[in-house]
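Across the two complexes that follow, subunit A remains constant while its partner is subunit B and subsequently subunit C.
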Partner chain A sequence: MSWEPLADPAWAWAPFEPSAAQPWDLRQAGHLYRRAAFGATRAQLDQALAAGPQRAIDALLEPAADVAAFNRSADTYEAAAASGASTHELRAWWLRRMIETPHPLLERMTLFWHGHFALSNARVRSAQLMADHVQLLRRHALGSFREMFEGVLADPAVYLGLGAQANRRARPNLPFARTLLEQFTLGAGQFTDQDIQAVARAFTGWFVFQQDLRYLEREHDSGPNRLLGRAGDWDARQVAQALLQQPATARRLVRQLYRWLIAEEDPPADAFLEPLAVELARDYQIGRVVETMLRSNAFFSPLAYRQRVKSPVEFAIGLVRSLGATVGTTQLGAALADLGQDLYQPPTVAGWAGHRYWLNRFTVLGRVQLAHTLLATSKGPNGPWDAALAVGPQDRPTAAVPQLLADLFLEGDLAEASQQALLAGAMSAGADAAQRQPDGLIECAARLVATPEYQLS
Partner chain B sequence: MRKNPLISLTLAWSVLAVVPLAQPQDLPPANQWIPEEAVAVIELARPEALLDPLLSQDLARALGALPVWQQRTATPKYREFMAVLGYLEGQLSTDWRTAARKLIGDGVTLALGPQGEILLAVDARDGNLLDQLHQILRGFAVAEAAKQGQADRVTSVEYRGVTGHSFGPKEAHAILGRRLLVANQPKILKYVVDLKDDPQGRHLAASPLYQGAARAAGKGAVATAFVNLQALRDRPGLQQALTAASNPLATLLLAGTREALKTANWLSLGMYLEGGRLILKAATDGQPPAPAQSAAFATPREPGTGALPNLAVPGAIAGLSLYRDLHGFYAAKNVLFPERTSGLIFFENMMGIFFSGLDLTEQVFGETRPEIRLVVAAQRYDPAIGTPAVQWPAFAAILRLRRPAAFGEVVEEAWQKAIGLVNFTQGQQANPGLILDRFAHRDTKGTVAYYRPPAASGQAPIDARYNFRPALARPGDYLILSSTDGLARQLIDALDREQAAPGPARPVTHTLLELEGAQLRAILAANFDHLVRKNMVDKGTTQPQAEAELGMLLTLLDCVGAARLDLGRPSGPLGARLELELKLPTADPPKPAQVNAGAPPPPNTTVAAR
Partner chain C sequence: MPIRRRDFLKISLGGSTLLALSSPLGESLSQSAEPPAPQRHDRDTVLVLLQLSGGNDGLNTVVPFEDDLYHRSRPTLRLAAQRLHKLDAQLGFHPDAPAFGRLYHEGQLSVLQGVGYPDSDRNHDGAMRDWHTARPGLALCPTGWVGGAIDHVYDAADRDLPAVFVGSTPTPFNLQTEKAVVPAIRSLSDWGLAQSTADARPLPSRKRPARSAAAALPSQTHPLLALAQHITRRAWASAARLEAVVAEGRRANPVEYPPFGLAGTLQTVAQLIRANLGIRIFAAEFGGGGIGGFDTHANQAANHGALLRQLSESIVAFVADLRRDRLLDRVLLVTFSEFGRTVAENGRRGTDHGAAAPLFLVGGKLKGGLIGSHPSLSDLDGGGLKFQTDFRRVYATLLDHWLGFDSLAILGERFEPVDFLESI
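Up next is the complex of A and B:
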C-alpha cells in the first residue's frame, strides 16, 4: 500500500496531529493499543480518546502504574519456574506477565527482541539460562541496543543456542559468526566471507562449561585479522563495537522495528527510513526510535492501519487484555505453540517468519477454537464482560450488545451489513436476557474475533 | 424413560443407596414410585446420620474459625444468601437447622432416567412445614415471573387428583402427603402419579436387578446407590471404557475389574458411618476372569495367597499392595494389547538393553512372585546439602523373587546399566551425572547413586534432582528399588519386622491401597508455594485465590485421618471397600503440618555421600 503524503519522510515521521480528514477516533485508538499494548479494554480506549493521541502514547511509554513493583513480583514467579530443562512453566509465566503488565509496550518489545535474537531452548536446554536471556532483553527492550548487544555477547545461552559452546582456535565457529552478522546486526549482503572468518576467529577462546561462559586465552586465535576492511587483533568486544559503528546495523534494526510497529507489506526505500536510522545510530537508544514511530504520521496512516498479521501471541493476549481478564496460561502456551509461536523456542535463528505465514487453514481453525476457549475461561474481578464492555449486565441494553462487542474488537472496521449477517444467528439464538449472559456474549464475541479483520493488527 | 442417557458412572460411584426408606405415614417407600427403567438411583435412607454431625454447633464453630471459611463467608453473595435464609427462618418460625431436619429427615431419593430424566423425592417429617415453605417459594416465583413479564410461567395443574406445580419450563413438582416430588419434566411427574395408582405398575422396588443390588449393599447403610449396568452397557462411552486396553499400566492396576464390569448387571454402593469412619462398599454381580483367561493375572491360584499387608515405614504417605502375576501378564500381552504402541516398544527396547540375552517373559518376569508392594513416604533432607525447591516424596517398589540368589545379581547388573544410561544421556546434555556407591544396612548390601552436592551446599532451595538418590537392595527374597537410599533402609527394617511377625496374605484382596491423610497433607503443605504458583498459571487465578483453593484442599485433608481401599474378592463377584477415617474440624484446627517437623532423627533421611 502506498499513500501519497508519505513520500516525504520528514512529514511521515513528524508527530501525528488529528484533522478532519484523519480524526482521533476509536479506530486510531484501537490501532495504537494493538501495536503498542496487544489490545485494550473499552475503558482504556475511552480514556485514550479523551486524552488525545500524544498523551495516550505518553501513558503507553511511561505508565503511571508502578511497573517496577509489578516486574519484581513477576520476576519472583519466573525465578521459581526457571529450573530444569523445560521452559513450559516459564512460558506460562511470560504469557501471564503479558496479560497483566501495566507496561504492555515493554513486553511487546521484549517479544520483538526475542524474535530478533531467536534463541531457542531446543538447543539451550536450560530454563534458567532462557529466563536470564529474556530478562536481559526486557531490561534493554526500550533502552540501549548497545548494552543489550554487549549483554547478548556475554550470555552463555546465546553460545549454547547457536551451537557455539566451544570456540576453539583450531575450529572457529563460522555459523555463529554468520548469525551475529546476518541476524543480530548488519543483515544479509552487508558482509563478506572474510568478515565471517574474522568474527569467528575473534570469538575463539569463548567456552560454555556447565552453563558458565568462560574465556580460555590459550584457545584464542590472536593472529592478524581483517574485519569490514580494517586490520587488527580483534576480540569479541571490539567486534561488537565495530558492528555497531556500521550504518547497516542501525538501518537493519530500524527496518525490523518498522515491520514490527508499522507494516509488514511493501518494504519501504532506505531513504524513507534513513532519518530514523541516523537517529538510532547516534547512541542506539531504542526507546526514542519506538517513540518516534508511534507518534508519527506514518503510524496513523493507511500505510500502517491493519497492515500486520497478528501473531498467535498477539491474537490471544490482545483478546484477553481487551476483556480486562486473565486466563490459565499453561494451556495457552501449548495452544500458541500449536499455532506456530512457541515462546522460548523460535523455529530458526531467523526467528518467526510471521506475516502471512501465520495463517493457513489449520491455524485459522485453531485460532477460532482458541478464541472460544479464551472467551469461555477468562476470569475478571467482576466477570470479564463488565470490564470488556465497561458496563455491568443490567446496563447492557440488548440492542447495544452486538455493537459494543463489535466496537471493542473491530472498532467499526466491519461493514455494517457483514456485522449484521455475522451476528444475526448469535443474536437470535438468545432472547433479551440471554444476550446479557456469558453464553450469548461468548457466541457473539467468538464470531467477531473469527473475522479476517480481527486477524490483522 | 426408555432410551439411554449418558450418565456418568463416576457420578454413581460418588453417591449412594439401596435399602427401602422409612416412608412417611400412609405412603409406600419412595422406590415404589420410581419407574423400573431408572438407570441410577441414590437413596439417603438415614439423613439424620449425616445431618447430626454436619449441622452440629461444634462443626459450625470450627468452620467459622477457618480462614478459608471466613474468606468465603465475607462475600456479598454469601451475605445475600444469609439474608434470604434469615427471612425464611422468620416466615417458618424456626431456625434453618431444625427446618432442614424436619424437611428431609425421613429420606431423600434421587433417580436418573435413561434420557436424562431426573426425579427427586424428599420425605419430610413435618408436612405442614413443607407446605408452608412451598407457599413461600411459590410467592417468590410468582413475583419474579411477574417482574420479568412472564406471569404465566408459574402454573398449577390438576392430574388424577394430584396438584402439580411448575415454576418454569424445566421443573415440575407436587406434594403428596409429606412427600415432595420434583422432576425436570412434567411428563415424569405424571408417570409417577400413574405408577402410584397402579398396583401392577413396574416400579423399581420390584426389579430383580435392584433387589440384587440392595441385598449386596446390606442393611444399616446411611445411603445407598444403584446403577443399572445392564441398561448402560451399550453406551458408547462405557463400552469404550470397558474395552480400551491400550495402557498396560492401567490394565495391570485395574486387573480383572474391567472384565468383571463387562459381565455385571448392576453396581451397588453402600455408605456407612461407624464411629469416626466413613465406609463405602461397592459390589457388582460381575465375575472375575477365569484362570485360563488372559486377564486372570490378578487371580490367586494357590489357596491362602493374595495381596500382602502394606509395609509400615515412618512418614508413609501411601502404600499399595498388589497381587499381580507379572509373568502371566506379560505372557498375555499380545492378547491384552494387540496394538504395539510406541510406549510398549520403548519399554521392550530398554528392557532388552538392561536384561540383554534374557527372555523377558520367562527369565525376567518369570523370576518374580505375584506379591508386589509400592510405598510412598515423606523424606527429610540433609541440611548440609539443602532442601529442593520442589519436594518429592520418596517412593519404592518391593518385589519378591523366586530365586533370589540366581536372579538378584542379574537385576543388580540391569540396574547399574540403567544408571549408566542415565549418566550417558545427562553427559550429552552437559548435566550432572550420578555417582555409584555401595551401602550396607543390617546384613543387606545395596547400591546407591547420588548427585554431587551443589557448590553452595546447605543453601535452600536446591535443584529438584536432589530429591533422588536411587537405590537397590536385596534383603532375603526381596528386591527393593527405591528413589532414595533412606527409604530403602527403612524398607529393609520393615521387611525384617515382617519376617519376625508375618501378617497373613489377604486372599480376597488383589489390591490394597492405604493413604495417610496427615502425611499427604504435610507433603502438600511443604510444596504449598509451588502448588500456588502452578494453580495460578494453570487456572489463571490470583495468588489469594490460589491460596484459598489450596487452603480448602488442606482443610479437607485435615478431615481425613487414613483411607484404605480393598479391591478384589477373586473367588466371587467383584467387590470393593473404601474406609475413610474422618476427623471433622474442631474449634482448634491443627497447625500447618510440616514434613516430619520436629521428628526425631529421620527414618528416611537422605544422607549425603561425600
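Up next is the complex of A and C:
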C-alpha cells in the first residue's frame, strides 16, 4: 500500500487531524477500537464519534474506570485457577478478563507481549508459573520494556520454557541464548555465533530448583568473553543492559508494534520507523510509542485500514465485546485453540505467525461455527443477549436492525449488493428454522461476521 | 428478489457442537465460487499416517512361528502356528487379524520389518517425540516432521493447507507447525441437510445497485481482502463438496464399516479424500488415552487381539471403500508406533518397552510382500529387537517419492529411500 503523503515519516507519525479526505467517521472509530481495544459497542462508537479522535484515544489510554480495582478482582479469580499443570482454567479467566476489562488496550498489549516472549505451557507445565509470567507482562505491558525484560530474565518460567533450567558451566545453553537475541531483543541477522556463545556463557550458573530461580557461583563460567564486539566479564545483568543499548533492539520492538497496531501487510522501510525507534531507545517507555502510533496520521491512513488479519482471540472477543454481551469462556478457550491460538501455549519461540496464516479453508469454516455458538449462547446483563438491543435506540423499527448490525460489524465496508444478498437470505432462513425473529437476527449477525471483510482488522 | 440460501449444512470442525452453517458470501462472491480442483502443480497422492499409541507388540503382530526362541521367550503369550494367518513359511499374522492376511495376499499390504532408530528411547514420551520430530534426541525440536512439510509447501494464496488431523484425541505433535494452523476434524458423519444440494442454484445475476463505491472496501486495491475472499470462497466450495459427498454416500450402497472408533475415523478420511479437497496428508491415532491401548504390560493377550482386530478390520473397510471409487491407487496408509516390545514376556503375561517393530503399508501402488528380513530374536537391543531400517528413511521415501515434497528441506538430512513403492 503506497500512499503519497506517507512518504514523509515526520508527517506520518504526527497526530491525525480529520480532513475532508480523511474524515473522522464510523469507519475510523471502528478501526481505532479494533486496534486499541477488542472492538466497541455501538454506544462506544457513538461516544468516540462525538469526542473526536484524540479524545477518544485519551479514553483508551487512560480509562476513567477503576482499572486497578478490576484487575485486583480478576487476579483473585485467576489465582484460584492457577494450580496444576494445565492452563485451561487460566485461559478461560484471561478470556473473561479480555471481555470485561475497562482497559482493553492493556489486555491487548499483554497479549502482544505474550506473543513476543512466546512462553508455552507445553514446556513449563505449571499454571502458577504461567500466571505469574503473564502477570509480569501485564504489569509492564504499557510501561517500561527495560523493567519487563529484566523481569523476564528473573522469571523461572522463562528458563523452564526454553529448556534452560540448568545452565552448567560445562554446558552453556546455546538455544536459550539464541532465543534471547533473536526473539526477545536484537532480531535475526543482528548477531553472530560468537555472540550466542558469549550470552550462553554469561548465563551459566543460573538454575531452576523447585520452580525457583537460583544462582550457583561455582557453575558460572567467568572470565573474559566477547559480546557484540566488546570484551568483558559478562554476567546476566550486564548482557541485558548491553542488549538494550543496541539500536537493533528498539528497531525490532517498534517493527513488532507496527505489525500489531498498524499493519501486517507491506513491512515498511527502516527509515519510516526510525523516529519511533529512536524515541523508544531513549528510555524504553512502551506506552509513549504506542500512543504515538495510535494518534498518528499513519494509523488513520489506508496503510493501516483493515491491513491486519484478526487473530482468533481478536475475532471472538471483538464480536462479544461489540455486542456488549458475555459468554462462557471455558469452551471458548478450547475453540480458539482449535482455530490456532491457544493462550499460554504459542506454537514456537517465534510466537504466532499470524497474518495470512490465521486463515485457511478450515479455520474460516471454524470461525463461522464459533460465531454461531457465541451468538446463540451470549448473554446480556439481564438474560439472553438480544441483537435488537445491541444496536441502539429501542424505538427504531425491527426491520432496521439488520442494517444496524451491518453498521456495527462492518461500518459500510461490505459492498451493498453483498450485504443485501446476505441479509435477505438470513432473515428468511432464520424464520424458516424456528419461526422466531431472534433466530433471524442471529443468522444475520453470523453471516456478517463470516464475511471476508470481518476477518480483517 | 428472494435469494435462496445456498446450502444448509452441519459440520463438526474443531468443536463439539454441530451447527447449521450458511454461506457468508455475498452475491458477487458466490457467483464466482470455484470448485477446489486439485492444483496443477501438485500430485494427487494421499498419505494416511496412522499412529498406534503405546508401543505395539510387533512380535505378536507378525509372528516368526518357526523360531524356537519365540516360543521359549513367550511361555503364555506365544501364538500357535496353526492359528496364524501365514505370510510365508516362517511368518504369520496374529489370529485376530485375518483381514491383514487377505490384504497381504492381494498385494495391498506390505510389511516393513525391523523399523526403528539408533539409541532409541524407551520412554513413551521421548520415543514418540522422536518419531514425531524425526530429530531423535533433540528434545527441544519445536515442530513435527509433518508440520515441517506443511510449512514447507503451504502458501495461503496459492496452495491449500496440505494436512489435517482426523479424530477426537489431541492433535499429535508430528503435525506441529511453526506457522500454518492445522485443523482437527472430529467427524463429518452427522450432517443434517435441511435442503438437498440440488436446491442450491447459482444466484441469478442482477445489476449492481448504483451506490458510491467509495464506502465499500475495494478488493482490487486491497490484496489482503482479496486473499480473505479467495480463502473464504474456497472454504465454502469445500464445504459444498463435502456436503455432496456425504449426500452421495447416503444414496449409493455404502461400504459397511465395522462399529469401531477407528473405522469411523477412516470413513471420515475416505469422505475427505473423495471430496478431493487437495489434502495430501491425513493423520489419525489409534490406541491412545491410557487403558486399553498398545502399552500391554500385563494380561496382553485379549487386549492386543482386540486392538489388532479393530485395526485390521477398520483398514480393510477403508480399502474396500476407496477401491469402490477407484481411489486406492492414490492412497497410501502407513502405521507407526513409538517402539516395539521386549521379546521376552514379563511375569505379568505382558511385555515391556522394546525397540524396533514392523510398519504396515497399505495401498494400491505398493510392491507388496515383506520388506527386509525379520530381526534376530537372539541378538537384541536391551531386550527388544534391533532395527534394520531407520524410520527416517521411510519418511524420506514418503516425502520424496510418494508425496513429491522435498525430504532434504523437511528432514534436514538426506536418507536413502526404502524400496516399497511400485514405481520409484
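We take it that the second predicted complex is superposed on the first by the 433 of 457 C-alpha atoms of A that agree within 3 Å, B and C clash if a C-alpha of one lies under 4 Å from a C-alpha of the other, contacts with A are read in each partner's own complex, and residues count from 1 in each chain.
We take it that a contact is a pair of C-beta atoms (placed from the backbone, for glycine too) under 8 Å apart; a residue touches a chain by one contact, two chains touch by 3 or more.
Computed from a predicted structure; not experimentally measured.
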Based on the superposed arrangement around subunit A, label subunit B with subunit C as either clash or fit. clash
Counting only touches as set out at the top, which of subunit B and subunit C does A:L422 meet: first, second, both, neither? second
Using the superposition on chain A described above, determine whether A:Y77 touches subunit B (first), subunit C (second), both, or neither. first
Which partner does A:V278 contact after superposing on A: first (subunit B), second (subunit C), both, neither? neither
So in the superposed three-chain picture, is A:E89 touching just subunit B, just subunit C, both, or none of them (first/second/both/neither)? first
Taking the superposition as given, does A:R125 touch the first partner, subunit B, the second, subunit C, both, or neither? first
Is A:W358 touching anything from subunit B or subunit C once the two structures are fitted on A? First, second, both or neither. second
Comparing subunit B and subunit C in the superposed model, the one touching more of subunit A is C
Check whether A:G340 is in contact with subunit B, with subunit C, with both or with neither, and answer first, second, both or neither. second
Determine, under the contact definition given at the top, whether A:L370 touches first (subunit B), second (subunit C), both, or neither. second
Those residues of subunit A which subunit B touches in one complex and subunit C touches in the other: 433
Quick check on the complex: what are the subunit B residues that touch subunit A? 148, 389-390, 429-432, 463-464, 529-530, 533-534, 536-542
Residues of subunit A defined as touching subunit B within the complex: 77, 80-81, 83-85, 89, 92-93, 96, 125, 165, 210-211, 326-331, 377-379, 433
Per the touch rule above, subunit C residues touching subunit A in the complex are 2-5, 8, 11, 13-15, 17, 19-22, 24-30, 36, 139-140, 142-143, 156-157, 160-161, 164, 176-181, 183-185, 203, 208-209, 211, 213, 215-217, 222-225, 227-229, 231-232, 234-235, 238-239, 277
Across the complex, what residues on subunit A touch subunit C? 162-163, 175, 264-265, 306-309, 334-335, 338-340, 347-350, 353, 356-366, 368-370, 372-373, 412-422, 424-426, 428-429, 433, 443, 446-453, 455-456
